[in-house]
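I have a structure here, written as structure tokens, and I will follow up with some questions on it.
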């Protein structure tokens, strides 16, 4: 029976480079994934390595983790390309355009570091009206845009966070009812 | 910690019309969704009404259901357009092309009734090498193609099933290792 | 200066297998492409080999051909994968979902032979309300569906044609104002 | 007959806001479209208003313009939403993700002004290895990124241009063989 009060769980997208991370950034992403699940979010990423894999691993290791909490939205057709901590792989087959699907799936987007791929996702998130948190500490476009608006269509900014816990606390506020 | 033995749960896509169903077809879809989850599948649909809503409701009502078992891959950008039993909405924003994402996400596809939308999904499933079960009992393209190959690139056929339980049993066989 | 009377040229999509063709089917596709351009259509295909390449070659060889008449809407990111007669390559990068873009671009769709890929395109064309001509002579799904409706949402059928000239004549009628 | 020497014409994408333009920016975009066609490019835009419409109008007004030179790659399914100077409308139906298709179609990208949509396109162009020219004079993200790299995966920068003619001259150089 469907519970009329039931609310769908919120989805946090964590975006960032697929390249391998140094130990500090890796820990930051693991902490971010874990804190996201502990705050009640489902985690969605692009499903591959680097930031995506570390955040997925953190989510998987959360105390309250349950199977299904970690979603990977992949560019190709092969679910097997997802990192090992993805519970649900969405192999879109639409290449780079899968970034739009990832952002569209998110209730809130947290950016870590980031080159041009992450920048395009932050810009799409802004276009689609999604709240964005930028982890200023890890450099890249997330840091450059933290505290800034991306254009003048919205009155808010990319919200700046210094730690994983702070980022998740802001995500909770930004998606609160 | 990632368990090296861990396997990702298999995904069953249930495809069929979004139009309202008569009581028999509705029950068939509810049974199908429930049996899918009871057999260990995660359920994915196009997230809207008709066959999609009934299968999602069945999945949600399964004894072993847990939150996260019901995925809806939507054509638009609004997660709110998903039926009430969808746990995870993927609002792709890519319109009719979302059908390809749904099929690509599936390990096995079960078709119920079906007009041109379902036919296009069965054809894409055939192209992408996904096993397909057609519920012969509910008419439409699923019944027309049940027991038939779609072209000669594969040696198998759309597998014919008479009941929801039979369809799920075949899906289990078709996705077995 | 924009001419207020100006009408955009109609686009005919020719769909069919990318595999190599026997001499009769090849000639049929060449004739189809040429007749399409001679009737004033721009030709769009999936940009690759087989039916797509033969129709593009025919279009390119039409007496009234001008550069820009032949469009190839590709699955990958590499414009270089287009056949040699494509003037404008659209490398979508969205894989199989590019079939939806091809159909959506067409004012009328002509199907030649065809396996599951072509079937999915015919089904999408039906969904999107595009008139469809099936070349009955070349077998495949085009022949199977020629003269038939795909479902009951439309009152027309896939229109059956026996020759390239007949297919184009019907396309002209179906897209007339 | 296919000429083995034949080369496909290069495509210039002009990207920028769909909002209405002041007279100076409008003239800049008209000049840009005209100069692009006069330099031998086909013009591709997102097919809608603002920068896209002005550039299309300029292209259409070029002395050497021929029908087929102006392409509009649209977010929706309605070719009728294209501006009046688009010769070939590609109604993708994939929403915001059509920006990726536009960039992928381009041999070179010229950005004018620009908010978050344009920024996402510049970032995707960088990812896909496309040369980018930013018209510094019209503000927005095109100006902010002119002369800068977007990340360190490439050794070049967004090339800065002050005038339409300069932008096209740079585009010619950047796409030369």
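Read from first to last, the chains carry the letters A, B, C and D; within each, the first residue is number 1.
Heads up, the rule we're going with is that a contact is a pair of C-beta atoms (placed from the backbone, for glycine too) under 8 Å apart; a residue touches a chain by one contact, two chains touch by 3 or more.
The model shown is predicted, which means the values in this text are computed figures rather than measured ones.
Peer 1: Hey, which pair has more contacts between C-betas, B-C or C-D?
Peer 2: Higher C-beta contact count between the two pairs: C-D.
Peer 1: Compare the CA centroid of chain A with every other chain's and tell me the farthest one.
Peer 2: Following the centroid criterion, the farthest chain would be C.
Peer 1: If you average the Cα atoms of chain C and of chain D to get two centres, how far apart are those centres in Å?
Peer 2: The answer is 27 Å.
Peer 1: Mind checking the centre-to-centre distance between chain B and chain D? Centres are C-alpha means, answer in whole Å.
Peer 2: 41
Peer 1: Using Cα averages as centroids, what's the distance between chain B and chain C in whole Å?
Peer 2: 31
Peer 1: Where does chain A touch two or more other chains at once, residue-wise?
Peer 2: 77, 93-97, 100-101, 128
Peer 1: Applying the document's contact rule, which stretches of chain B touch chain D when the two form their complex?
Peer 2: Against chain D, the touching part of chain B is residues 77, 93-97.
Peer 1: For the complex, which residues does chain A have touching chain B?
Peer 2: Contacts found on chain A: 1-2, 6, 8-9, 11, 42, 57, 60-61, 66-69, 71, 73, 77, 79, 82, 84-94, 97, 100-101, 104-105, 128.
Peer 1: Which residues, counting only chain B, touch chain C once they are in their complex?
Peer 2: Per the touch definition, chain B meets chain C at residues 94-97, 100-101, 115-117, 119-121, 123-124, 126-128, 140-141, 150-153.
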